[in-house]
Every structure is written in C-alpha cells, then in structure tokens.
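Please read through the structure below; I'll follow up with questions.
Chain lettering (A, B, C and D) follows the sequence in which the chains are written, and residue indices restart at 1 in each chain.
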C-alpha cells in the first residue's frame, strides 16, 4: 500500500483558551475586561511542518499566546472585536507567509458590587447571564468580523403553541396551544465590511442587540421555536444597520408537564419536569436582503458558543 | 475467607436531581420557581434491603420523585427551605420506619425580561449569578435547616495582600502587597431551631445575606482569603439573628501577573492570566458564640455546591 | 426601520442527543450497542415555519426521536454508520419535502466483565477509552458517510522535539529536543461513495483505524504535533482503501517540566505539571490524491467530537 | 448588632488539583504515574489568619504545591497512598503547629500502546476506565489511609429485579422482574492501621479490589441496587484482610424501556432510553465486624469521586 499518495487539506493551528484578564487602573475606579482568547493561523507555507516537521515558518503557539497578552497591555481591549482585529492584523502583516487565520474570544461580564447602594470602585461580581462572543476571520485577503452571544437562557411560561405538524406512523406528540418555551440562545452576527471600516461602537451594539433578542423572545407569540428564532434575527437586523446576518443555534429545552392525575391532582400548566436530553435543536440564519453573502466568514466557527 | 463477617454501616438512598419547575399563574403576571431537588431517606428497617434484597420497607426512589412533584402542586414552593421541610415531614411521618433523611435543593434564579422598560408578565431570563442552596436534615428526631449560596464569583482588582507567611526550602512564592483576589463562594448557613420554629422569611433573608456577603468581600482589605472568609461569615451572623453558623468553601482563583518584561513592557497589575488548576482551597466555619453546636446537621452535606 | 427586509438562510432542525441503548438478547450471551443520536432535517418547504409559524411540513422533533428508537428495534444497529444511513434514507424518502439533513452518533463502548477469567454473558463495564463517531450527511441528493473517533488521549514521554521555529519580539519559548507530547485525538474520516455503495465492514474498519492511529502516534519521532497528525492521517488512508480523507483536531496538552532547581533538585524530564488552559490546537486534513473532494459532506460537523 | 460575638469553627486550607505527572525513565522502558493531588492543612495556630490576617503560621498553598512536585522527584510515587503518606508526614513534622490535614489524589491510568502486537516503551493511551482514588487523613494524632475507585460504569442487561416495595398514594412505579441495572460506582475503602503499619502492596490491592467489584456486580442476581452494593462491599472485605470498611455511592442510572407499542412493535427489553436526571442515588457502608470504627477518617471526604 505504500504507493498510495496523500496531500494536506484544510488546516490551521494556534493557541486556544488564553484567559486574558485586563484591569484598567488609571483612576481608583478600576475597569475589568475578562476574555478567553483563541488564535489560529493559516498559510500555505505551513504545509512543510505537516509534511516533514520543518518548523521554519511555524509561529509558535506560545508566541501567539505571548502576543495576545502583550497586546492587552499595548493596545488595551476596548472591545473584543477591536482587540481581535489588532491581533489578526498583526499576524498577517508581521509574518508575510501567514495568509490568514481565525481569532475568537468569549467575554465574561462582571458588574460592580453594591456597598450601601453605591457601586464599588474595584470589587466585582460575575453576572453569569450569557457570554459575549467575538470572532475575526481573515481568508483570501478579506477580513470578517462577527459578534455574538451564548448561553442566554430564556423561558416563557405561556404564549407558546405547537400544533399543525404532520403525523406519520411514528408520531405520538399531542398538539398543544399552551406550553413552556425555553431555550439557551447562541447567536452570532456578522458585521458589514463597510461598517467595520467606518468603525462601530461594538460594546453599545452588544448591549442593544442583547436587549432586542430578549424583548423579541418575550413579545412574539410563538407557534414554533423556528418562528421565534426568525423574529429575533429580523429584529436584530432591523435594529442595527451594521449587521448583515445573524446565525442562531437554539436548543429547545423541554419542560414536560408532570402527570399528577394518579395522585388525584390537576396540573393546569403549573408543575413541570425540566428535561436534559434529548432536546430539540433548532438552527437558522437570518440575512439582510441585498447584502453580499460571505460563506468564508463562517469557516470553522462553531454553531454553539 | 467465607467466615469473615460484615455489617451495614451508614447508608441512605433516594432520588437525586429532580428538576422541579413550578409556575404560578393565578394572575397574568406569572411567577417561576426552578429547583433541582434531591430526596434521600434513612431508617434501620432499610437494612434488610441491603442484606437480602427485601424491599418491604423501601419507599421507592420513584415514589420520592412523584412526591416531590406532587408537593410542588399541593403546597407550592414558597421557599426552597419550606418546601424541603414539607417533604421531610411527610416522609418521616407517613412511613413510621423512616427515621430521617436528607433533602437538598439548588434554586436557579430568573428575572423578568424588560420590554420597553417594563418587566414582562410571563417571559424570563436566567440570571446566572450564583445558585441558591437549601437543605433539611432529619436525624435522631431533630430537624435541621440550612440555607446557602454557590458559585458566587467575585473579584477585587486591588485591596488584597499576601505576605508574612513562613518560608522553608520549598517556598518560592514572593510576598505581595497588591494582587487580584478572586473566588467562587460557596456558603451554607444553619438556622437556629427556635427561629425555624417561629418562622423565617427565607427569601428575604437570602437576599440580605447575599448582599452582605458581597459588600463584605468588597470592603474588607484582605491580608489573606482566610481573613476575608471569616469577615464574611461574621457579617452574616451579625446581620441575621436566625443564623447560628456559616460554612464556606472558597477556591482561590489565581490570577497571575503576566510577565511582559521580555517584550519591553511594564505590567503594573494590568494584565493577568486567569489560571484553572491548581487553585488554593480555603474552607472555614464561623459560629455564633453561645449557640448549640449541631454536627449532625451537616452529615453528608457537600462542602461545595 | 420597518422597511428593512430579511430572508431565511441556512437552517436545520431536529432532536439532539437521543440516548439509544440496544440490547441483543436472542441468546443468553447478550450484546449491547450504546449510542447518542442526533437527527436534523433540512428542506426548502420548512421555511414557512420560520417565517410564519406554519408547521404543516415540520416533522416534529419528537417524531424524529420516536423513529430513532423504533428503528433500533426494526433494523437493529449493526454499526452506527448503517443505522444512521437507514434513518437518513427514511426521512428523505418518507417525506418528499425533506431535501436532506445531518444524522450524527456517538458510540460508547462496553466490554464484558471478567468473572474467573471468563467474559460474562450479560454484565458489562464501560471502557471509557475514546468515543466512536459516525455521521451521515444528505445534501443536494448526495449521501456522505463519515466515521470517527473522539477523546483518544495519548502521550509519549520522549521521542518528541520542537525546534527551528521563527523568533520575533514576542517569542520566549525555548527549543527542546525532548518533551512530553500529549493530545486528545478527534479524527473523522470520510468514506468513498463507491465503498459505501459496495458495503463496508464499519466495525472492523473502526477497530483497525483505531489501532493504526495509536501505533502511528507511538512510532513517529515527532518534530511537531502537525507532523504527527499528518502521519496519522496518511497511515489511515494507506491502511483502508474505503477512506478518502481524514480530518483531525488535536489539542496539544502541555506538560510543563516543573522547576525543581530552587529546591536543589535536578529534573531530567521526570516531573511535569499537566496544564489545562491555554493549550495548543492543531487541526488538519489529509486527503487521498485523486479522490473527489466533497466539502458539502462536512457541513455543520463540529471539529471536536 | 455589633456586640454579637463569633468564633472560628472547623477549617482547613491548601492547594487543590495539582496535576502531578511523574515519568520513570531509568531504562528505555518508561513508566508513567499521573495524579491530581490536593493538600490541605489544619492547625489551631492557623486561626489568627482567619481572625486577623496574620500569616505567620500559614504554610502557603504555593509551598504545598511545590512540595507535592518536589516529593514526586525525591521519593517517587510508588503508589498514590504511599506518596500521600509522605506528604502528610512531612507537613505534620516539618511544621510543629500543623496538627493534621487531608491529602487526596485521583490517579488516571495509562496503558502502553500496542505496535505490531508489542507494548511500546514510551507511548501510552489513557484507559479511561474508572479513576483510582487515595486519601490520607491526619487528625488527633491518628493517620488514616483510604483507597478507592470512581466512575467505574457498569451495566447488566438482565439479572436485575425490583419488586415488593410499599405502595402509597404517590406510588406509580410498576414492579419488574427484569430490568437493566446500571451504575457508576464510587467506592472508598479504609485500611486497617496495623496493615498500613506493616506495609501494603497498594497497587496490587487496587487491581484485585477492582476485579472483585466487577465480578461481584456481574454475578449477583440483583433484587435491589442496595443489595448489590452490600454484596460488593462484603466481597471486597472478604478478599483483602487489610480493608476494614468500604463506602459506596452508586447512582442508579435509569434505562427506561422505550414504548414502541404505538408503532406496532414489541419491545421485550431490547430498546432503552438512557436517562440523565433524575437518578436514584444509593449510598452505603460495609464494615468488617470487630474492627475499630474511625469516623474521623472520613472527615470532609466527598461521597463521590
């Protein structure tokens, strides 16, 4: 079999999950930015490393790590998107054989601890409500920027139906006009290249998009989680001209009405068992009409956070 | 070897992690209580099940589960402590061979989604900031009630030192007068039996204790995490006469100053690497002077949440 | 902004993580197959559900679940690949509006418990060594079949170097000619459509590929994890003519030599600290020369297991 | 309330989850020992740290970490029990104000990779089948040694019944004379002090106890998981005179028979849904008759691994 010949296909490499914490302490009122950063590079010249172990062009993953921490000092982290853009630009310009790469961050949010009703200067508590996402993809000379949110867990205790679906020999599910709808939203939005060029208030946008996602989930009378998903994406695109598409992954976290009849009890949608597995899994993309698609932007970006 | 004889020692059994979700929908403004409930029973009569598989006295774990869900309907869940007390009382009275047991709950908190600045009637988002704990222990005819909190992640970016510790041949740690202090607090407090008897506003107390924990962490200038821990427990006991002792487990989540000197950069406590393992682990109990100790209350209750 | 118009992009939906356990008990010597199955469907007709909540064409995720369990009885699970092929074929033929979908499985392996040196008939222990993966993708009328393995944790205590990499102002890593190399292999291989057509001994192939991955990792003197990765993929393709490409994700699980010099001790590669985060992350694909590429096959398939 | 007075109760502190990997490379045939080590100290003199932040007696958790790694070089890790004994002895003798403590380890097992049927000299694959546990407790001048095992996942596809349990108004469970019995065993055994004194082949004992646990699980016809648990503990004590008691925590991992009747299919114990939560949780201790009890030995040792 030794005459079977093979080649190297798609590849990338780097350092994953660098936990970069940046404190701003120029005044007694400190600020904190808390990221989990992954940097990965691509380049045709890297093939020799795979083929023969020649590391001449391998910017060490340790060097990528050092750079991530050094840049947190040199340039700060005004937003995860801007920070990743700096990293991306550095690697593709400092090393001319690096053609592109993927840079990703998760941001954990902290809020100031209240002491006698006043927000403390340098003491924080992690909010735990969702994780912010950011990604920068450089491929074929194009730079794509994505924002996002993960683990935004929402539930509505009414205002959700599911009926009218087809029935075959394996269908046992009853139709319902009132159920709990619960999901953990992962959403990622891609910014228009022109907007990135012009500059974006990424932090303000994230706050607004988060609020739009929540209020849309709350107010849509849901006939299916798919419908809720689409409405949430549409609302985001309508709210912010910088955003050209939104991708969602939404597990349907089933809450089953507990059967209390054997105990002589009624259960008018009051007592539920929250189940783990299996769960529904609804995924979908909402795109702005007329905008340029960019499938490369999403290369290797996971559906969940 | 067949003549070695053995006996049954400590034991208990039950159903763990029942995800009980209770919706109150008597008005259009719904309320949600979201628990993870574990029920376990003890009794001398249960020994025969271990010894010979005789199930005559084994209240099935499935029956314990059904009861947990039925009671959520029958009596509601005014607080996790009161709900567990009902369950405990039921099992030790309905089955005269059940001597006692341990009932535990974790409560996940939700807040109303804001729509145009107004809190929505039936749509919620999980806060994710800490998990509430409750436990009821019945042993030797005594009933003990414990509240608690887990995964309260806090950080102060200054106001923390660590110095003056002894040095031996294995000591390399430098003293510091300014470091990040971060931990994920698990705290459990035991209520005075008289207070339980008299009735407690468990929900109000939880809110107050949470706030006291946070503000004490924020304001204590820390010479050691141990010192912070003790101050937090003392503040809780001083704040609420119903509480007789507090037990803490606090991992010291190290944030290491990143060495930027090789890159010609200073790092005056601005850029840190947040580490996972190993971590410091500080545990301690603060007790009200003059109160009756109750070691049995803590039987089999885990240190972490 | 209400005149911004949007459209539905890529989407799919289904039921995730159905834990299907199939026991064969036709003789006293039972067999067990233990899967975690995810079924997701795609189809242009499903758009109305997203756009307006019209469920007329939505094969319920509950129906997909029921079908997964029913097929485990009807057709058994000779291999995860064949089982998923049956499910895929069913959904795209039974519902003419279903254009395609993605079916995935993880398989947990069990081995017989030894009693007095003999393998027991109906008692098993989970091996825990790696998880088997399978996926079937139907898109544009083409059916693609992939096998795989996840969480195969391997380590070599010597025979690994890393040197010759470029140095810039952020490079501090020392070159080494002897280090621990450790990784948790996730690999996925795509089968040639002709081989799928002709029939494949998927279970035998999995066993052989697993062995080839291990022995190649063991015997390659590693100059970089990239080189080891490529060699492993090449060996797999050379070993089995049914396989046309292999995709890997390999975290570099760093084992740092512990600095014992302060304690007057030498450490000639004997005592290491195994680190969690950050970690190197090396990804790459090895393809058979002359084979038809099929990028659609990999749509939405995660890099890790 | 400022005149409420409080005291320090039970406490300990240290460094948790040190990932110590020890390679023996005296010959080309390397050996690997892979531990996760936690060291915690107790002592009355440590109270001042809690009360006032006085660290004069606080052996830094970083020093405990250094010592754990240094001892891996100095004394090696013949077994986790012997390694922890060395650490324990060091801390209570080198620092006369340290009264005792708790030292724990998890051991991950590796086996040699097979190349052409021969076990490789320095390449290993993690077995993943269970984790070995060890603990040393020093309290009141007594040293207690415990071994153990965690995450030993076992299943029998027949030979398990559950019937004859009492029925009340909340009981709906049907009796069964044939079900799947599955659990993930965590077991911990305490060694007789005399046996520890005389010296024990801890590694050989672990291998034998593991085998006894498995074969007993396999061969006992189970009327309840409790009965299986007791039989497993009894067999361990009968097999090894060094062991005086065994503590188990066994979740009952329910496998529910899937209802295929709506699809016109029978299901004679062939197709099951493996459930996550809730689960039964059975705990129990088996003790050697005539042996000295030692409740202090188990202080703060978690029930699960």
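Following the convention adopted for this analysis, contacts are C-beta pairs under 8 Å (C-beta built on N, C-alpha and C of every residue); 3 or more make two chains touch, one makes a residue touch a chain.
In UniProt terms, the chains line up like this: A, B, C, D = Uricase.
A quick note: this is a predicted structure, and the numbers were derived from the prediction, not measured.
Listing every chain that touches chain A and chain B alike gives C, D.
If you take chain A and chain D together, the chains in touch with both are B, C.
Compared with chain B, the chain whose C-alpha mean position is the greatest distance off is C. The chain pair B-C and the chain pair C-D differ in C-beta contact count, and the higher one is C-D.
Spacing of chain B relative to chain D, judged by their CA centroids, is 22 angstrom.
Here the CA centre of chain B is 38 Å from the CA centre of chain C. Chain geometry summary: the mean Cα position of chain C and that of chain D are 31 Å apart.
In chain D, 18-19, 66, 70, 170, 172, 262-263, 276-277 are the positions where the chain touches two or more neighbouring chains simultaneously. Taken in their complex, chain D has these residues touching chain B: 1-2, 4-19, 38, 40, 46, 49-63, 65-67, 70, 94-95, 162-168, 170-173, 222-224, 226-227, 229-230, 233-234, 237-239, 245, 247, 251-252, 277-289, 300, 302-303. By the touch criterion stated above, chain C contacts chain B in their complex at residues 169-170, 172, 262-264, 276-277. Residues 18-25, 30, 32, 34, 66, 69-70, 72-74, 110, 113-116, 120, 122-130, 151-159, 180, 211, 214-215, 217-219, 255, 258, 260, 262-263, 265, 267-276 of chain C are the ones that touch chain D when the two sit in their complex.
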